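Consider the two complexes below, in which chain A is the common component and chain B and chain C are the respective partners.
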Partner chain A sequence: MGVEGIGARVARKEDKRFLTGKGRYTDDMSVPGMKYAVFVRSPHAHAKILKVDASAAKDMPGVIDVLDGKQILADGIGNLICGWMIHSKDGSPMKMGAWRPLAHETVRYVGDAVAIVVADSVAEARDAAEAVVVDYQELPVVIDASKALEAGQPQLHPEAPNNLIFDWQIGDESETDKAIATAAHVTEVTIHNNRLSPNPMEPRAALGIYDAGDDHYTCYTTSQNPHVARLVMSAFYNVAPENKLRVIAPDVGGGFGSKIYIYPEEIVCLWASKRTGVPVKWTSDRTEAFLTDAHGRDHVSTVKMAFDANNRIIGLKVDTIANLGAYMSLFSSAVPTYLYATLLSGQYDIPAIHANVRTVYTNTAPVDAYRGAGRPEATYLLERTMETAARELGVSPAELRRVNFIRSFPHQTPVIMNYDAGDYEASLNAAMQAADWNGFAARKAEADRRGMKRGIGMSCYIEACGIAPSAAVGSLGAGVGLWESAEVRVNAVGTIEVLTGSHSHGQGHETTFAQLVADRFGVPIDSVNIVHGDTDKVQMGMGTYGSRSGAVGMSAVVKALDKVEAKAKKIAAHLMEADESDIVIENGELKVAGTDKAVPWFQMALAAYTAHNLPAGMEPGLKEGAFYDPANFTFPAGCYICEVEVDPDTGRTKIVQFVAADDFGNIINPMIVEGQVHGGIAQGIGQALLEGVHYDPSGQLLTASYMDYAMPRADDLPSFQVSTSNTPCPNNPLGIKGCGEAGAIGSPPALINAITDAIGNNALTMPATPQKVWAAAHAAK
Partner chain B sequence: MAKVTMTVNGRQVSGHCDDRTLLVQFIRENLGLTGTHVGCDTSQCGACVIHMDGKSVKSCSILAAQAAGSTITTIEGLAADGELHPVQAAFKANHGLQCGFCTPGMVMTAVDMIRRHQGQLDEATVRAELEGNICRCTGYHNIVKAILAAAAEMSGARVAAE
Partner chain C sequence: MYETQYHRASSVQDAVSRMEAAGEGKYVSGGMTLIPTMKQRLAAPSDLIDLRHIAEMQGITVSGRSVRIGAATTHYDVASAAALKAVCPAICSLASHIGDPHVRHMGTIGGSIANNDPAADYPAAMLALGATIVTNKREIAADDFFTGLFETALEDSEIVTAISFEAPAKAAYQKFANPASRYAMTGVFVARRDNGDVRVAVTGAGANGVFRHGDMEAALVANWSPDALSNVSVDASELLSDIHADAAYRANLVKVMAKRAVAAA
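Right, the complex of A and B next:
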């Protein structure tokens, strides 16, 4: 592997700039003449806009202009869209209501943007925003998805009667019903998956720059996928044609899904820049982020899991209601369908599965993918159900899982997915050993003597990453292909630039992608630069989400490296008068195998560009591009074990150990993979123990700051014990599965299984706050 | 508009700003030192931590005018002569950062934490001391590791020097 190659624990190249304050995030950008934007937002969860009066605001100090929804409509800027078509089981297409970048008739959640104020300073813009008088006629509000489906409830969009967006199903209902009817045991549970706010530490921001001379727009924005942003803003929102729109996502301070989507603010800043003639920068404050960043999760499901007399699962039936908020965000429809119900087989051989999913409009912020996106919901549902079943059946949770594990691959589940490789028992055994599962009884007895309730819980997760084969997702309704692109440019002095459509917002691509090149050519990673996040530099790409940068993005780099290697060998063979099949590349040299003849890498590169002595007919230069479209999803899997102590007097849960045993296939940089797992687990623990978005019945967001929304802090968390096993993915050249979301997927059920084990009451919902745990513990007495 | 003068990263600087200007805005907008970040509106996240007269301070919780005459160190002023400060080096060696947004505040908090505890830190103390700094990427695991490693190295160097 070499000290910097594949598998090496290389410290990150990008760290120095972040550690010395030289990171360049969107809000750090400043251009001549730049002005500042503040949005006027709805204080009501549901209201008609009768009038927007900005006359007083426009006269305030420093104000350049105030623009509203009627103006953006008149200028032909289009509606925001959801890019994944789902059909209901009756064949009808999903019911997408209009989402205007600035509302001009109706506001549907607190925070809905109504107008933009552009001023010399943020403070002046904020003062003026408060002086914009919007005359609202309040309408009745519904925030609960189940309630929104009932008759007589407020209607959000005329396109969607009873607020129902779609009523979708997957699997074979009659076979599943048959299994349940003939089962020796049926476990029935209701599962709540709490609504979360993603909370990347960098708030969203956008800087729109219109250049009247060239009729050209530049948008700096906090995006996980700047090319998708350009495509959508160009093709659907009518901001500008692609050749007139450059989107740059510079350093981005975390995303976790919330920066995939194209939001109103970047569209409005670009449009406002043209209208006002000045560059317009907007930076979200944290309360705006809580109000308007797409939320995650918010499912309620009923589950029936049927077992035969040997404790083998023979059927699984799920009915889910998913809250999508006030508007359909970009990938919102895919999350509770193809990213969720297709994973309901988990690690288990289940012959019959049926899931029905209804998605619903409510007067809350839009809901879309958040770390794991659908897969945490599936895993939490399955693993809570398995734990409940084990308790009902009187068997150990490990044994119940073992009995039901899929053991041969490929495995076709009844819900589309075809698992290519895995060894679930290996992860289970590794986790149980690391957690000293067998020593738990003694630890529990010791805790009892101290008056503490100790519990242990596990979770065996699977997820689908490497999103995704384009034709497959196209057939399922995706509006885009989910391949990735790469270009490898070898400079005349042998240094290398890799252009990728993946985007790093914490994942360390500048290091790991360079490791691929170091591994291939034996050059130091410092001679390799990774270029990403700019539509003027990288032609096209699909961005980073769904743990796809390794499995898809790096695979594209590998394809481009293959082409570079082939041409480099041809040049070297020509220079050394050898056969190209005899050329090997090692330690920065191209050698003739079995001889002492060698050409240094830089000399070959120089020869490519001087073109004085190239093989006949060869074009000068050394630059190759590739597009990679995956053949299948990848299937990371693993086992997490959590051990807790609950203080029965206070209900406070202390995590005493947390073990993760993951199978990510091959690994490029174990240090970075471990970091991804740590962060994922922390978010999963946050969901299970601390976090929850709460609206009051009038639709006011009660959790709109860090004083009210409980983010995991350092002393809420333990250190984690993480390890990996490896069944390489057979469907991509590097054998990579992906590691970005696993932690957030596997950890919540392990934690809740542990707490419910500790308190002896299975009825507990997330977040398991001390108050809820105390009540559940005392109800169990 | 008030004229504010202070010493930042060893250099005397002045700027005109609104009375309501926060120190973090003065540092970012007037001085162009964008390494100090704003991650919340409620002085909870700690992305804006700087050192003011030798102590760590959330620069979002103080007015620029209140900082007049003080000596400020920001993340840009921590590394001397291009060499990473031991805390910065430990964050890199231990992968104590991912997206980098909380990192400047974390590092400035850690430097002050190690100073106050004279390098004598354990995991529980570090976790308790990080109460005012939020990271969403790392789960704190490697941040804690990095701070303990830096504390050990710095106190080792201090003992050796004595």
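Right, the complex of A and C next:
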């Protein structure tokens, strides 16, 4: 592998810049004449806008202009869209209500943007925003998704009667019902998946620059997928044709999904720049982030899992209500359907599955993909149900899982997915051994003597990554293909630039993508630069989410490297008068195998560009591009075990051990993979133990700051014991499955299974706050 | 934040003069609550008069068991004062767990008690220690000082200049932190004097702010042990309910933290 090649623990190249404060984020960008924007936002969760009076605000010091929803409508800027069409089981298309970038008729959640103020300074813009008088007529409010479906509730969008967006199903209902009817045992549970706020370290920001000379727009923005942003802003929002719109996502400080989507603010900043004639920059403050960044999760499901007399699962029936908030965000429809219900088979051989999903409008922030996106919801549902079933059936949770594992591949589930490879028992065994599962009873007895309740829980997760085969997702309603692109440019002196459509916002691509090149050509990674995040520099690409950069983005790089390698060998063979099939590349040299003849890499590159002595008919230069469209999803899987001690007097949970045994396929940089797992588990523990968005009945966000929204901190977390045992993915050239979301997917059920084991009460919802755990522990007595 | 005028007062008298000259002035002594509130535009003082650098409000003096802490003393300085630790380690320990290092180096004891946040730690210590709040005008017993949520007996322009107390024979503070803010969701300070007097003060839990729990005090006078509290009931109807903890849970925490404080004292 070499010291910097595939499999090496190479320190992250980008960290010098991040750790020394030299990162360049959207808010760091400054251009001459730039002014600052503040948005006027609705203080009401549901109201009619009777009038927007900006006359006083426009007269305030430093104010350039105040623009509202009627003006953006008049200028022809389109509605925000959801890009994945879902059809209800009656065949009707999903009921998408209008989402205007600036509301002009109705506001539907607290934080809905109504107007933009552009001023010389943020402070002046803020002062003027307070002086914009919006006359609201308040409307009744509904927060809870189940309630929103009931008769007589407030209606958010005329397009969606009873607030129902779609009523969708997957699987075979009659076969599933039959299995349940004939079952030896049926486990029934209700599963709540709590709503989360994404909280990337860098809040969202946008800088819109309109150049009247060229009638051209530039948008710096906090995006995980700048090309998709350009495509959507161009094709749907009528901001500008693609060739007149450059989108740049520079350093981006975390996304977790929340920066996939195109939000109102970037569109409005671009439009406002043209209207005002000045570049317009907006940076979210933390309160705005809590109010308006797309939230995650928020499912309620009822579950029936049917077992035969041998504890084999024979059927699974799920009915889910998913809260999508006030508007349909870009991928909101895909999350509770194809990213969720298609994973309901888990690691288990289940002959019949049926899931029904209803998605619902409420007067809350839009909900969309958040680290894991549907797969944590499926995993939590399944693994809590499995644990409950094991308790009801009186068998060990490990044995119940073992009995039901899928053991031969490929495996076709009843819910679309075709698993290509895996060894679930290997992960289970590795995790149980690492956790000293068999020694738990003694540890529990010792804890009992100290008055502490000790519990252990496991979770066997599977997820679908490598999103996604374009034709397959197209047939399921996706509005885009989910391939990835790469271009490899070898410079005349042999240094290399890799242009990728993936986007790094914490993942470490500048290191791992360079490792692929180092591995292939034996050049130092310092001679390789990764270029990404700018639509003017990089060919069309689909961006980073769904743990796709390794399996899809790197596969595109590999395809481009193949082409570069082939041409490089031709050039070298020509230079050394050898046969190209005899050329091998080692340690930065192209050698004739079995001889001492060699051409250094840089000399071959120089030859490509001087073009003085190339094979007949060969074009000069050395630069190759490739698009890679995956043949299948990839299926990372693993087993997580969590051990806790609960203080029965206070309900406080202390995580005393957390073990992760993952199968990610082949690994490029184990250190970065471990970091991803650590971060993912921290996020999963955050969901299970600490985090939860609360709205009051009037739709006011009670968790709008860190005073009330509990994020995981170092002292909430144990040291993680992580390991991998990998079955290579057969469907991509590197054998990669993906690791970015696994920790967040696998950890919540392990933790809740452990706490419920400790307190002897299975009725516990996330987040398992001290109050809830205390109450549940006492109810169990 | 709205525009405001910052003043660094050089003496107590200077601070009072500046306050009297200001339109809508506000004293600041660390600003750990006030500055975030101003940033959110929920407070808009025309003038901020900073008390933190007034020499006569600095420092800790311990004489025998008599303690005097200048109001502008930071939490860090209280936490790390060796002479204070020798006679009343409980208050040093309390200070060491306020906020984070940034807060402990900026926030002051005077600022904390004058603000009287219902989840702040120091008010419980003041009540349980039977402290005297010294102002530029008078001396106020802690029992008379804390009058409600963010309410104190301070009059306009009155400044807390110091607090004083006699170190008790035994004392301890136990805090159960809010998982999000890390403020006290319930904190209990217990103190026992050589003459057998006991005070139990509770912060973070009371619907009307910090309070003493008379039944617990009586039980502990009779028998200074955690078990003495087992049969004392805590009335949940006088406690706070919020998204983190309802009153019944806080009532439980009051008792649990009180027992642990007695055990730790």
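Definition applied: the second predicted complex is superposed on the first by the 781 of 781 C-alpha atoms of A that agree within 3 Å, B and C clash if a C-alpha of one lies under 4 Å from a C-alpha of the other, contacts with A are read in each partner's own complex, and residues count from 1 in each chain.
The criterion applied here is as follows: contacts are C-beta pairs under 8 Å (C-beta built on N, C-alpha and C of every residue); 3 or more make two chains touch, one makes a residue touch a chain.
No experiment lies behind these values; they were computed from the predicted model shown.
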For this session: In the three-chain superposition, say which chain, chain B or chain C, touches more residues of chain A.
Result: B
Exercise. Now for A:Ala492: first (chain B), second (chain C), both, or neither, which partner does it touch?
Worked result: neither
For this session: Kindly classify A:Met707 by the partners it touches after superposition: chain B alone (first), chain C alone (second), both, or neither?
Result: both
Problem set entry | First (chain B), second (chain C), both or neither touched by A:His694 | second
Exercise. After lining up the shared chain so the two structures overlap, which partner does A:Thr287 touch, if you call chain B first and chain C second: first, second, both or neither?
Worked result: both
For this session: Classify the contacts of A:Met85 with the two partner chains as first (chain B alone), second (chain C alone), both, or neither.
Result: neither
Problem set entry | Which superposed partner A:Phe256 touches (first chain B, second chain C, both, neither) | first
For this session: Check the residue A:Lys16 against both partner chains and state whether it touches chain B (first), chain C (second), both, or neither.
Result: first
For this session: For A:Val300, decide between first (touching chain B), second (touching chain C), both and neither.
Result: neither
For this session: Pick one for A:Leu575: touches chain B only (first), chain C only (second), both, or neither.
Result: neither
For this session: Report, in rising order, the residues of chain A that make contact with chain B in one complex and with chain C in the other.
Result: 123, 287, 706-707, 711
Seminar exercise, completed: In their shared complex, chain C is touched by residues of chain A numbered 123, 126-127, 130, 287, 649-652, 690, 694, 702-703, 706-711, 769-771, 774-775
Exercise. Which residues, counting only chain C, touch chain A once they are in their complex?
Worked result: 1-3, 40-41, 176, 179-181, 183, 243-246, 249, 252-253, 256
Seminar exercise, completed: chain A contacts chain B in the complex at 11-12, 14-25, 27-28, 30, 121, 123, 199-203, 251-254, 256, 283, 285-287, 505-508, 671-672, 674-675, 678-683, 705-707, 711-715, 717, 719-720, 743
Seminar exercise, completed: As the complex stands, chain B meets chain A at residues 18, 20-21, 28, 32-42, 44-45, 47, 74-76, 78-79, 84, 88, 91-93, 95, 97-104, 107, 123-124, 126-128, 130-131, 133-145
